[in-house]
Each structure stands twice: as C-alpha cells, then as structure tokens.
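Both complexes shown next keep chain A, but they swap its partner, so chain B is in the first and chain C is in the second.
Moving on to the complex of A and B:
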C-alpha cells in the first residue's frame, strides 16, 4: 500500500484547533500532522496540502490573521497554493488567507477582502452557533468541495470577526462569476440566507467561504472539524441532519459521519485515496 | 520582642497589610527579629484567609474526601479521580474549583478572565490537558444597571479568555439575586485529562535530596499586577485595596506556554526524570517557591535578581509577591534545566512572541528547611519554611439565625399564566444568549452542549467511548431560608443533573461563598452549609465507597456589600460523572409524539424558596424541599437503570419551577420546528405542578414501559408527548410558539439592552 498523502496543519502561536483538525484528516484516510510556525521550509515541501486551523494567532494583534500572514511559514503555504496544492483556512485560518491575499486572489497576493466584526441582532461580539451553508456555483471544482451536494451542510461557527467585506465595486455577481463564492449561508432547506440569524454575522452576499480563482484555496469561517461525526450534531437541530441525528441508534450515533466530513473526504478523493 | 509591637503596628498600617498585630508579632517570633518588608508581605499573603483557610480548615476536615476512584484528594492544586482505560493506559480526570469574586466586582472583564486563567493553570500543573471550564455566576437583578454592567463584563471576560485559550466552555449556571448587587460571585471550574502514570505533583521530588534541583520560572515577565491580590480576596470591598490588586490575563501567552509545557513534560518523562510543577497564583513567586520547597521537605534559596521583570526597579517584596498571570514554576535537576529553558525560549520563541517572556532559573532547592531570598547581594527574607506554609488557625464563633418559614396565605393556580411568568423571569429564561458567547465545541469532543441536557457531555479520549458529564449548581433562594439545605441541595442538584444525563457521579468540587467569618451569624451559615454538603455527599455514593468524594475546592469569605450585609449563603458544587458509553447520554428534548411522560419521585408540599412562590405569588418564605438521601439515591439508581436499558428517550430533572416547568423546558428544548409538546394528566394543584421536591421526568416509549409495581422509587405515568408545540393539563393549554421565542431571547434583552 502506498503512503497516505501528508497534510500539514500549521500551528501558529495562538492556534487552538490544530489537533482535532489533524485528527479529522487522518480519520478521512490522509495523514494529518501538526507543524509549528518555525518549522523549516524544507520540511514542508513534501506536503500534499495544507490546513491553517482556527484560533487566535498572534493574539489577533493589528487584525485577526494579519501577523500570521507575514510569518515565514505562511510564505511556504503561499508558494504551495500558487503551485496548485490544496490549502484550507478554517476560521482564523481563513482570516490569515484573506490577509495574505490568497483569496479571492483576483490579483494574487493583494488583499482584496476583509473579515470584519460580526453584525448580530441585539448585541456585539463573539458568536457561537450552528448555521447552514451551501456550496457556491461551481464550487465543486475545489478539492475541498468535490463531494458536496447542493443540500444544506450544518456546521458550527465560533468567531467575532467573520463578516466578509469587499471594496464597494464588488458585488455578488462578480464573486459568482470569478468563482470566488465557495460557501454561502443558508437555511436548513438549503435556500440562501436573506438575513440574521441564517446569515449569522451580516457577511456580504451571505458569504461563509471564499475560493481563489483556481479553486484550490478555500477560506471558510465555519468549523467542519467540529461536525466530523454525527454525535457532534445538536440533538434538536432542524433539517435532515437533525432528523438523522434523532433517528440514529447507538451504533449509528457512534460511527456515522457528520456534515463536516465532506470537506476532508473531498480532499482525500482529490488526492486519490479510495475509501 | 515586645519592643517592636509599636513598630510592627506602624508598618502594617503604612504598607496596607491586612494581618493582625498579633499575627505580625508571631511572624517576628518565627524570624527572631523585626521582619523585613518581604517577609511581612509574604506572611500576609500566605496567612490570608484565601491561602491559609485559617477560619475554615477545621470544618473542611469534616467533608468526605475519599473513595476507591480517588487518586488525589484536596491538598494540591487540583483533585484527581480515575476515569477510563484506553490504549493500554489508565486515564484520570483532574478537577479544580475556585472563586474570583472580589476582582470581578471591581474590574469585571479582567477579574473574570483571570479567574478562568487561574483555574486552568491549577489543572495544567498536574500534568493534564485541560478539556473544559465551567463558570458559575451570581449577579444582582438585571433590573439594576450596575448589575447588568458587571454581568456583561464577566461574560466578556469568560469568553475572551476561554475561547482564545481553546478550552471548551462546559456551561455552569447563572443566578440573579438582589444579595449580589454589590458583590457578584464568579466561580470557575476546570477539568482536565491526564495519563495516570504521568501525574505531576506540585512540590520538589524526593530525588532532590541527592541531586541538585533548581527552580525554573516560566511565562510572563513579572510586573506589579496583583500585588496584594490574595489579601484583597480576603478583605471586604469597603477597604481601600482596589484595582491595582486585580491581575491582567493573557490567554494568548497561556496557550503558547501550555504547548511548550507539554513539550517539556514529554521530554522530562522520556528521560525518566522526577520533577515538580506548580502554577503561580495567589502570592506569586513567594508562594510557589515556599510551597514547592516545604511540601517536598526542603528549603530554597531564591535569586530575585534572576526574575525577568517588565517594570524596572520593583522592590523585592513586589517581585516576590506580585500575582502576574501566566506563570509556572518547575523543579528540575540542575543538569537538565538548561535544556528545559531552551525549549521555552528557542523552540517556542517565547521572548520573540511576548516581550520579556520566557524561562529562567531563579533559585535552588536546599536540604535545610530555610526560606532564603537574595536580592542585590542582600538577604531580603530568611524564615523557617514550614512557618510560612503551615499557616495559622482561627476558631470562629457561630450563632444561629431564624429564617422566614411562613407560607403564603393562598396559592392560586393558573398554569398558562404561572408558567409564562416563571419562563420569562430572570431565573426561568433560557441561558442560550449567554452560551452564545462561549465556544463550547473547540477540541471537537463535545457531544451535548450547555442547555441541551441537564449536564454537558464530552468524549475526551479520541477512540474511547467513555463520556464525561459535568454540572454545577447552588441555589441562594434555598440557602437564605435554610443554609443547611442550601449546601445539601447544591450537591443533590448537580448530582441529579449528571444522573439525568445517564452518567454515574464520580466526584465533586465545592466553592463556599459567604460573608465575613468574623460575624458569628455568617459563620453559622457557613458551618451549616458544610454540614449539608457533607451529609449529601455521604448519602450519594453511587460510584462505590462511602461517599461522593469532594476532591478539590475553595472558600471565599468576606462577600458583602459596603454596608456590611453578607451575600446569601452560596455554597456552589460541581459534580463530574462518567458514562461507560457516551451514546447512552440522554438530552432533555422531546422525541416522539405518543411517548409517555414518567414522573420519578413523590411531590410534596415544600415550595419555599421556589420559583412559583417568588414569581407568581411574590412570596419569599416557606419550607424549602427537604434533603432525603435514601430517596435521592434510589431515584438515581432507577434512572440510570432505565437509561442503561435504552428505554429512556429524554430525561430531565425536576428543580426550579417544579414538574410543570420541567415539562415545558423539555418542549422548549425540542424547538418549534419539531412540533412536540406535553399533555399533563394531573390535577391543577400547586404542589403537583410546581413543588421543587427533587425528581425526574423521563420520556419513555409506550411499548417500553417496565412494570411499575415493586420499584424502589415512586414512579408514575403523568402525561404524554403530543404532536403540538404546547403544554396542557386538566382544563388548560398554553401554546408555546410565542413564549418560546421570548424565553429564548429575553436574557439578551435583560442584560445586553445597552448594546
């Protein structure tokens, strides 16, 4: 049997989702392993893909993701992304990808988007909640979304700055045409969100995830690694995934996949791992 | 020695020390001369109520602390119990519980954040990975703008710290009561997981008698923050100590230090080296160095000039006693210390990530039992080390007080209106607006989140089916009417929450929050609370042994307002339970129309302190539900038996608001989209509907109901799950659609209305 594809999960100072993210990659048939921010570039060259995990890298100094985007290790990730290797940024990882100009990447390396403070009804600040997303048009070309259907994918969010913003001349049509629309907030039936709480943070165009033009880089605010298994789904969740959770017997609850697994299994399929 | 009394009195005054003159004279006799400033500050901290338990220690000895599953009881930074076997290893859970009440009242954001930061250090330093925190909060009524501001700040502090650290919030509870208007309570609980063969103790190991050992200080550079913090925590808020005594927390640095610690611990275990590890909390370097030495049977020579500081020219007593956050102390052999320092400073680049942070060697352990501190080539402290850590005792007087046991003159019942009032009261509304600030799912081990079940359930060991259930409780409305029952029910309620989820309670922790122990009436409340906790723990041994053991805890005195009024007696207890198989865990949401609603437990006329009296009748007296250990245990056994037989589809304990309120909460939890409700087939009677006599409601399939005759606990079918989002009874019905929305959002409007 050939060696499993190796996926580096980059640990920045202040990352805090690196271990469970690496575990999901391994459980999806890949080899996920955590690499510290000062790992020499030469050690990362053999990786087949990268994940920038959630957390609070560098204490969110200046802006979330801004300092990590300037780290040497991020240069390695940047080069790999430009060479076509799959790169996923989750939550703080998405903020880093935005800050280093990989997404939307219309002019690669130029910062063309921002993740601003949540707009929530009734209060400000951090929000933890389960929301739904659906893949954008032609998002299936992305190695991270190849196996996703158009049905709603319920996932948890946990962030204070997750509202995608662009310059005033950018509209949703531009995002769709440039294939930047990776994930869109939706209701539990899969219809695109029209406002709070389905769009939980006031994100422009209900955007939950942003792709680069080639589709190999995905920056997403929700946390798929926290929804890898069915037992992680809330018991009273509306929609088909909630129904599946409620109908599950004990063995199904223990072993069945959750809605977030599709991101990791899509990558595994893309890298030729058969399950 | 008498000559120096006057001089001591003057120094106590000018330095703002809180020890009595009598205590200061005792310090002088220990050192045999006029004490140095550092010695006075050191003893002031170590002999404070917060560190020495000088008023409470005698009574705390009456709490049951042992059981077969206990690995380590109270005494070190955290308690440890056996949890599960997996992958050829035995895994234990590590639990700690503390208060950060005074700092949170003065600076709510920083106070609460430091509370979380402090409690996780206690668990980290036993060698564990921290897998969760809980916060148990008590605020003044949300109608008061100052209480709202404190509540918002505390919640902000909790989320800012815990979320950034990457430790899931496992819930807790929040109570509003006018007695906390000028003295909020912020109790924090932390739980961790450690391999049994990798537990680390918080003192210098015996090996140090043969080989030279040094003390490595790790973390944030020392500043003046928190100087006098422990003393502050032991003083009432009327004193002029204040904001300078509150520490400043930094979860970012903590996260990086925790990662580096894990690497250092791996290295030390691989080398087979004995070492000690302790966090710096109250009393800073002075406390960690004296306790690590004393509890290991040694002395220490401390070099204050080697301590990295972020503020120049700090006096030695500040460097030694400041409570700068995010620091740990390691006792390691001298010949490996440099490698340890390198991991922190080079591999993990602490000095680059945070100016002045890092690891340094700041002293050496000595075989005599002297505590010696050097600074600028001078001795600035020299005392027998046991004198510092053994502390002192005070015997306090207790004087009983009467409470209001009067019952209301009439008890009208109108369920739709009663249930609506209770549901929208500060005690009854959903806590979900508060939970929405907390990250409960980081680490990806969370199975049942806060609000979904009576306790939060995590699956902490990947690949192992063991589930950990946690819950914390304490009801001040009971405590103020009966301090004994306040203690007993704090244990029983948390116990029931864990049982209702399907877990067997393994151990408990407590934090005893009271007014001044110098007030005999308060001290009586305290002693009755401890008795209540001890009796309840002895009655509720389910995991084997003779009691539910209390393995860690804390006492917080001097919680009182400026005019000296004490808070209501507020013992708060957390219980930790184990599910052999997490897939058996039950949440509270209704599952299927046609299922039966089964009541476990008698209903008795004991509504005092309850939600119905308070919110529907405006009555604050009455008889509080009794604690009946035998019944409580029999009910728990029955619930666990039925859950173990897979016949329970939803499970909820009966507490505030009684049976009817519990049934309504089960409908709320299933949500409007599932269209399920409850029909209660019982009389419209205040005792049946609203009594808070302990019990459980279970949802059971109609074909699954076992024979009810001959059971050890009283069980009867009292209703049915109906295909409508409503609750109804004999001649009444309440549609829940609109009420649920208000119930879900109301707390946000109450507390965050300024935003």
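Moving on to the complex of A and C:
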C-alpha cells in the first residue's frame, strides 16, 4: 500500500486533461488518481489535495465552469479548501474555482471575480500559445508555488475565457495586499506584462493565477501539466528554457524536467515528500 | 433604428436543458419547469429591416438556417407557445464583449448600414400555471445572478449584467430566413 500523499484529480463531463495531470502528480512523487464527478464524498475524504483539470466541463454550457461549480463533488473540494487542503484549478478548473467563490475568497463562497472572454487591444477570442508567468509577491506561501523562483516560467495557454475581472472597486494593490496575486503574465525576462502578446487575454493586473487568502487554493489559466517535461518545450521558445531544449540530447529530453514541474514538486515538498 | 433579432435552436437547446437540471438540483425552490434560450442580436442601423434580413442571410454565424430559427422582436420578449406556463425572461449581457465589438467592426466594414451590434443571451424561464407574476419575477431574480455557489446561475456578477423582463402579452415578431 502506498504511503504517498493522495491527490484526487476530479474529472467532470468534458474534462480532458485529467490523466496527464494525474501522471504529473505521480511523477512528482505523489499518488495522483482520477475520480469522476459523481464519486461519493466519502471516497474523497482521505485525499490530501485536489486538482480540477483543464477541459470543457459540461461543454462550457451557460458559462465556463458555472455548472461544475454547483455539482455535489464540488462541495467536497470546497470543504477541503476551507479546511486548508491544497486545491489547484488549471484552466477550466480555474474557471470552476472562480465560479465557486473559492478565489479570491475575500468572502468565501461569494463569486467575486470572473474569467471573461479574452479581450485585449490587438487580440480577441480563443488563443493557444506559450506565455511566461512569474509568481506574485507573496506566492511562495502557497503549496503550489513554494519552490518557484522569481524567474519567468514559460507555460502553454489554450483558452477563450481567461481574462480575470473584478468589480470596479478592486485594484491591483488590493490583490497584492490580500495576497491574491498568484501568478502574473510576464515577458521572457520576467518583467510584468504590459500588453498583448505578453498579456494574452487582457487579464486585469496581468493576472494569470489567483490565490485565496490562505494561499492553499490556486486558480491558474496556464497548463503546467503540458510543460512537465523538457521535451514538451517548443525548440523555438526564447529564453533559458528554450536554450535548454535546443541543447538537449535525446537522453536529456527524455528525463529532464520542464518548467511546469515546479507546481507539482512544490506540492510534493509541501506534503513532505522527499525526492 | 434599432432591430432586435432573437435566434434559437430548432432542436432542444443543450445549455437550456443543463440549466434546467442544475437549477432543479441546487435551487429547487426557484427552479422553473421549462427553459428556452435565445441569442439576441441588437442592431443599430440606418437601414430598414429588409436590409438587416439580407445581412443576416449572408452571415450564417448570426443565424444558421440549418439548425436555427430567428424572429425580430417588437417587444422585449419573444412569443412562446400558449402552454399555460408563466414566463419570465432573464437577459444576460457581457459588460465588455469582444464579440459585440468584433461584429460591429465587421458589419460596419462590410457596408451593411449597421452601426453597432450588441449581443446578449435571453433565458426564458417558464413557471407552473397559476404562478403569480410577482413570484415569477422573484424566482427569476433569484436564479439570474450567480452570487454564490448555491445562489444564482445564469450570469456572473462581475463580468455580466442581468435584467429581468416579464411577459406582458404585447410581443410580436417578424420571421427571418431559416424558419
């Protein structure tokens, strides 16, 4: 029987990244396992963390993430998050966490943000691309970001609704003061994005990931599971990760970590897994 | 001049069915017994309705006659079959819509005479016969905006605006292609 921490990856109808996400967790020294949305709550009580993977839960009907946020399984995720267990939402998972009111979580359970349709000068609509993110000012307290440095992390995005929005009285200072700024879009040098294409969707404050006040819940639009290994990095990518990819031989490509691994290894370190 | 086109699927709308099931599950006290969903295109134009119909005929992304039907609205709500249900509408508009801006730009450049396009979604919520208009309005209001996990569904409170429209029986419609 495994003593590794168990991480439930919740598969909703329309999720499409659950198995690679579970594999990343397992490769990071955890036990990632996929559980469907109709799994009884009693089967989820023993898990140590949750991941809501990317995809199109319920076909994005009504609004991306809106229906999954109301599902019974989400009660288990919500209760676990409130109890301090780590919860990660990737892309559609992030949309679900926003619709749950878990992030920014100033009033937990109240919907205080939106992931609206991409809309920025120069670009609108669905976008699939590699972008750079950097952790926010207090992100290192998060179980998902504890090992991340301040250097740019290149990750792929693929979404049409990824623009973080808040009510008009919220400014970037409030996000930073409330420790909500988890990840910020940046250029390849790590400087915060000021416009398209570094900020790919017009997100408020160039926000790519949002934390709850305790830091255990992270909603992020980029896909770290698609950058877990070095071979997943495009050879044409500028910056040190692209350099490493271009310089890698066949064996190095097979074994070397990619930039997305830090999220999963941070969780493993947080849960006491030694590598 | 303002022309409002309501487009709906000829087949049952999957989003409406999902919304019906979701509301019955987590807000049974306010859930309607039937939901219809319309995409509403609001055109501001110098041209007459026939010109708008010709434009709509040219763009199947507005109305695909193989799978959708449309009707111009002369009232706030489209007419619905007289099945005795009490209907209330919830109209949801994005606060900042790239789609509306994109269509405005496209149709302006195409020389259609259309100066602006505003897209929204209209959810028609049907309540059991005998429901008072006040109760229908209250229940529609409760379901309209997702203020929390267990309260509201159809609009996000930050990125969208929702308005409740009640059926007053004065609606009329003109049919466009595809019906």
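As a working rule, the second predicted complex is superposed on the first by the 268 of 275 C-alpha atoms of A that agree within 3 Å, B and C clash if a C-alpha of one lies under 4 Å from a C-alpha of the other, contacts with A are read in each partner's own complex, and residues count from 1 in each chain.
Everything below uses one rule, namely that a residue touches a chain if its C-beta (ideal position, glycine included) is under 8 Å from a C-beta of that chain, and two chains touch if they have at least 3 such contacts.
All figures in this text were calculated on a predicted structure; none of them were measured in a lab.
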| item | value |
| --- | --- |
| Touching partner for A:62 - first (chain B), second (chain C), both, neither | second |
| Touching partner for A:235 - first (chain B), second (chain C), both, neither | first |
| Touched partner set for A:14, first chain B, second chain C, both or neither | first |
| Touched partner set for A:118, first chain B, second chain C, both or neither | second |
| Which of chain B and chain C A:246 touches, first, second, both or neither | first |
| Partner chain in contact with A:82 - chain B first, chain C second, else both or neither | neither |
| Contacts of A:126 with chain B and chain C, given as first, second, both or neither | first |
| Greater chain A contact set [chain C / chain B] | B |
| First (chain B), second (chain C), both or neither touched by A:269 | neither |
| Chain B/chain C common contact set on chain A | 58-59, 124-125 |
| Contact footprint of chain C on chain A as seen in their complex | 58-59, 61-63, 66-67, 69-70, 74, 78, 99-101, 109-114, 116-119, 124-125, 165-167 |
| Chain B contact footprint on chain A (complex, rising order) | 11, 13-17, 19-20, 23-24, 36, 38, 54-56, 58-59, 122-129, 156, 158, 223, 225-226, 228, 231-232, 234-236, 238, 246, 250-251, 253-254 |
| Residues of chain C defined as touching chain A within the complex | 14-15, 18-19, 22, 25-26, 94-99, 101-102, 146-150, 153-160 |
| In the complex with chain A, residue positions of chain B that touch it | 156, 159-160, 163-166, 250-252, 255-256, 259, 347-349, 353, 433, 435-449, 452, 459, 462, 465, 581-584, 587, 589, 591, 646, 669-671, 673-674, 745, 748-749, 752, 755 |
